[in-house]
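Two complexes come next, and they have one chain in common, chain A, joined by chain B in the first and chain C in the second.
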Partner chain A sequence: MTVTGIGARELATPAAPAGPEPVRRRRLLPAVLRNPWGRPRFLVLTTWVYIAWALLPVGIAMLFSFNSGRSRSVWQGFSLRWWWTDPSFSVFHDPDYTHALVHSLELAALDMLIATPLGVLLALGLARWRGRGSGAANGLMLVPLVTPEIVMAVSLLVVFTQLAIVPFALIHLGTGAQVVGQVTFSLSYVVVIVRSRLASIGPEYEEAARDLGATPIAALRLVLLPLLLPAILASMLIVFALSIDDFVVTQYMSSNASTTTIPMFLYANARGGTTTPALNALATILVVTTLIGIGVAYLIYTALGRRASTGEVSALRDLSGLETA
Partner chain B sequence: MASGEVILRGLTKRFDDQLAVDGIDATINGGEFFSLLGPSGCGKTTTLRMIAGFERPTAGEIVLDGVDVASVPPHERNVHTVFQNYALFPHLNVFDNVAFGLRRRKLAKDEVRRRVQEALALVELHGLANRTPRQLSGGQQQRVALARALVLRPAVLLLDEPLGALDAKIRKQLRVELKALQEEVGITFIFVTHDQEEALSMSDRVAVMNAGRVEQVGSPPEVYEDPATVFVADFLGVSNLMEAEAVGSGRGECMVRVGEFVLRAGCGDTAACGAVKIVARPERLELLSHEDQRENRLPGMVERTVYVGASRQVIVRLPTGAAIQASVTNTGDAEMYRQGKPVSVYVPAGALRVLASGPAGERSDPAVPASEHAEPSGVRS
Partner chain C sequence: MESRSHWRAFALPGVVWLCLFVLVPAYAVLAMAMGRVNFLLQPVPAWNPFGWNPGYVSKAFSGALPGGEYWPAVRNTLVYVSVALALCFAVGYPVAYYVARHARRTKGLLIMLLVIPFWVSYLLRMLAWIGLLSSDGYVNQLLQTVGITHPPNWLNGNPYSVILALVYGYIPYFILPVFAGIDRIDRSQIEAARDLGATPWEAFLRVTLPLSRPSIIAGAALVVLPMFGDYYTNDLISASPHTNMLGNEINLFVQGGPQVNLGASLVLVLMAILAVGMAYYVYVTARDARRFA
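Up next, the complex of A and B:
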């Protein structure tokens, strides 16, 4: 074989030195763990065990909403009795249940309609604001995200019930206080999502619009808002999910039975001996609406966001992780 | 119709502690292709953004067709921009992108349609009106950006490195097209680039910028052949910049000493004396055999030869330690430029420029009053 022949062969098979070793080494570790190119079976197993551990109880609770008997622990066959067919005790017929459902949806809708536009405005303001204080404001905006919810709830309770000064004195416990409380903590999520999108959009599009003769308002309406749409829709759904499964703030801001929400109802009745699988149905509704909210938000944000630019879904991913954790 | 004349007077921009643009004076004639050329960070974009209205000047005037527009908001200036990454609206298709500005002016539907189609035809994109920007190649996006600005018939078009995002081949092609387009529409183009070849090949005049100041304004041959400052000579291609000492002058010429050799220099600041810098373009030098006895020679040794097809770049090391680069046409006689061979570099007096030394970048042109360059522009933190 010629020298050039060897050179050519080496070029053609660059991976040759990394091929299987003919010399057998002594076995110090089981083959499975020794092979660095093998699948990490142990880690895979651990992951699946954890997932089963975390999801099975919820799955079982959801399954029992379809039990045909009254028991929430002994399976007596499948039925839709607690969902619909029982004319007085199913989740959609028993007035206690339907009231909690309706009130939860009411709060979620109000929270969504108030926190989203407000959050968009704050995010736009924070993005424009340069100079003294802007850095601090940007940082402080994140504080509500990490404030223990119980602390926020108790503080709001004190402020609304003890302080006799405007505006706090105007807010009474009940639906009003619940909406204010929920808006207070969900606003930060909107700001974070919209601001990260705003940062990835950059100032060029708006400048281009201004350059082409658009007034500042027209540039906002015709260019910035359409580009922010995925973030705005995603924010709305996140706010919805946050509101639907919030317990602490909503509980503290409530007044009487008329302001009971799904989580509050679950909390109050979970240990009751007389409770039927309709409660499981209610829990199922909560889980499913939350999952749908976050899932759709994620899809909108990634799908619509990809149309304009790519690669900045992480903020939402972090948030949805934070939220469902 | 507006003529598109732009006059910058003492234009200055300071960001916090950074002086980005440091008192620029320039007159850009109507219908001219004018380039701002300079290294990264020298203030080209900032200057352009002030003309567009995105930055408010710290001081100075921007006079557009006789009116100072320094405090007019961008949407009211008859000046449009082609952004470096085009900034085409991703949620609108090509037609709506181009129509955006026309619709802001509340033109009738038919008029909008007609003018958009005209503009798309001008940049040869008729068939693509319904595509979104993502479905276009870089070169096509660039044309849409051009059409979007030109459709408004601005007095002045600002272009910030419009070819920067394209690959070398399309860039060369678009260079020619852009120049042809400018001649066709007759609008003033202010073109920002850090690519000297781009600036020299397209512009009517070039302003070479350094550290927020304009070092020299002139036609491409002027700035290339007659660099006014050391910076300009150095920035525009290889210029064989060398330290020398002026040892006497007369009759528009000047004797300069390089090491132990004295050369006759025929252009530049021939009245200078003392420490100076001299420059000579590689293509103006000749390589002679070692024994040649002509005047204006510098002996040296061939250090390296780079073959570039039509010519060879020969790098000659002088006894002073400096290296000088000569560009010789390829005659096939490779032996002459073999590595290590002693040669003589002939520097024609007419090709040797004297630039007064001193703070880098200070003007050597005696026509400029001293007050205008009292502060050396090389000072920059």
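Up next, the complex of A and C:
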């Protein structure tokens, strides 16, 4: 890699190739002084400054859930007051907070249980179905990925408040509409993840099963589904994370205070002058839950999926569904 | 093939779901935009195209032009999104480039650190900045220690804070696809350029940058689409009508009361603006596909 020029690490490691080494080493100090903004150094600096900028504010906000005072911007000492010890205002004692937490988990579970099977079937169908309508179905599947969420939210709101025919008349704003809205946008992610896995498995295993006498359904059940399992489990957890983090659709589909979720609660109270650090504790719970879900998804995907040779990068790509978006 | 029909049966439930909850709602927005209010002043959609009332739609579209009632919101949207996109590129591209091309032992760690913000709730990330930018927050304390005794009011109608928050909120969606794009570039192509006498800078400009262009465009699409529909960043960081974006106007009219027809018409304005962008996206990707085929 000659493009690099002189990288900081190459200079620091004694194990670098022997040839030009003495020359380089003599130039080390003057090079830094002459041009501290040389390309690799500048890139290293940008990257780490960016990462600090991206993560430190979040860390500070999480830290403030342990503040002993009421402020969410001035540190007054450490306490577990807002997590547990305050008997009426801590996150696990204030009914508003616990309700939002429970409702978020409920929605995430329902979304996961509906969107995953629906999405897996749709992915299998779309991958194999060649014929009239398949192109349109493919395009339709991508629509939720490329539409701003507010557009989906407004359109679903109009349908659920104005259209008095079955099935829309059966679904009311509140938990029902929230689940429908969340499933609608989660579905596409499941399809993208499962399809990219299907593509990396290839048709050979299934064809071998068919040659050995399996019916199409038996080949699917005995060969393809076990191979797809990591992708299915991973997409379940991704749906869980998408659901628990969602704000716009969930807010538009909500009815009253009983269908408030954690993100909605954060939105409503983030600027309130009387809001306590219990809000930061609630947000911390949200983030830790999401990150655990995603971490487990990643581990499942890379550990079980090794047969089809998925590296770090391709797993990342598959999981974030970026290829089609 | 006897199997053809069962694959279609597999897709059926999902396709029906998407028709019911994507296609029908899309038409419902159009019907609502073309609708009326009844004698109780409640919004009523016009389901039948023969009964369409173009009044709200023409009001929304003419209001969105320079000088119109919604022009400030449209202008804010266009300015904030373009500046935020430019900043996403200026910060995100070097980061993606470094992690994809230069990071070695730290690559796994860096990828993880880049992915984390992706999955940290957007609203928590806004909450974090509300704490930092509040009048007694750490940002102002820092400014005071360097001698700025009258720091700006960050959280009340400050467009710079809104742009900062947009960049902060959406830049992970830009970095990841660009990283994946640069990571996929075959190193031998860059080495070939160097062997043929290109300086490192020339090799970057004439090989790496053009080859990463599809991923830059994909990343730009991923940040621009949600930014155009964003209203919560503004509500949380600014909470002032001076910095309203198109999403704020839509949210105001749809959730705020009897002006749903107008809100739905503004959704059509938003989609029209995005359609122009999408047409460009399709044109560019098709051209790139031909060029690099």
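Note that in this section the second predicted complex is superposed on the first by the 265 of 325 C-alpha atoms of A that agree within 3 Å, B and C clash if a C-alpha of one lies under 4 Å from a C-alpha of the other, contacts with A are read in each partner's own complex, and residues count from 1 in each chain.
Quick note on the criterion: contacts are C-beta pairs under 8 Å (C-beta built on N, C-alpha and C of every residue); 3 or more make two chains touch, one makes a residue touch a chain.
These figures come from a predicted structure and were not determined experimentally.
Annotation: superposed three-chain arrangement on chain A; chain B versus chain C shows no clash, the two fitting side by side. By the touch criterion defined above, A:227 lies against chain B but remains apart from chain C after alignment on the C-alpha atoms of chain A.
Of the two partner chains placed by the overlay, only chain C lies in contact with A:71; chain B stays clear of it.
Once chain A of one complex is fitted onto chain A of the other, the partner contacts of A:105 are absent, as it touches neither chain B nor chain C.
The wider contact with chain A, measured as residues touched, comes from C rather than the other of chain B and chain C.
In the superposition on chain A, A:212 makes contact with chain B only, not with chain C. Applying the stated contact rule after C-alpha superposition, one finds that A:180 touches chain C and leaves chain B untouched. Using the contact criterion defined above for the overlaid structures, shared-chain residue A:204 touches chain B, although it does not reach chain C.
Minimum C-alpha separation, chain B to chain C, in the superposed model: 6 Å. In the superposition on the C-alpha atoms of chain A, no part of chain A is touched by chain B in one complex and by chain C in the other.
Put simply, chain A touches chain B in their complex at residues 204-205, 207-215, 218, 222-223, 226-227, 307-309. Chain contact summary for the complex, chain C toward chain A: residues 2-4, 6-15, 17-26, 28-29, 31-32, 44-45, 91, 94-95, 97-99, 101-104, 108, 110-111, 113-132, 134, 136-138, 155, 168, 171-172, 176-177, 180, 183, 187, 190-191, 194, 200, 203-204, 218, 221-222, 225-226, 228-232, 235-236, 239, 247, 250-251, 254-255, 260, 263-264, 267, 270-271, 274, 278. Touching chain C in their complex are the following residues of chain A: 1-5, 7, 9, 39-40, 42-44, 46-47, 50-51, 53-55, 57-58, 60-61, 64, 71-74, 118-119, 121-122, 124-126, 128-131, 133-134, 137, 140-141, 143-144, 146-152, 154-159, 162-163, 167-168, 180-181, 183-184, 187, 191, 216-217, 241, 245, 247-248, 252, 262-263, 266-267, 270-271, 279-280, 283-284, 286-287, 290-291, 294, 312-313, 316-317, 320, 322, 325. On the side of chain B, the complex with chain A involves touching residues 52-54, 73-76, 80-81, 83, 85, 87-91, 100-101, 104-105, 134, 148-149, 152.
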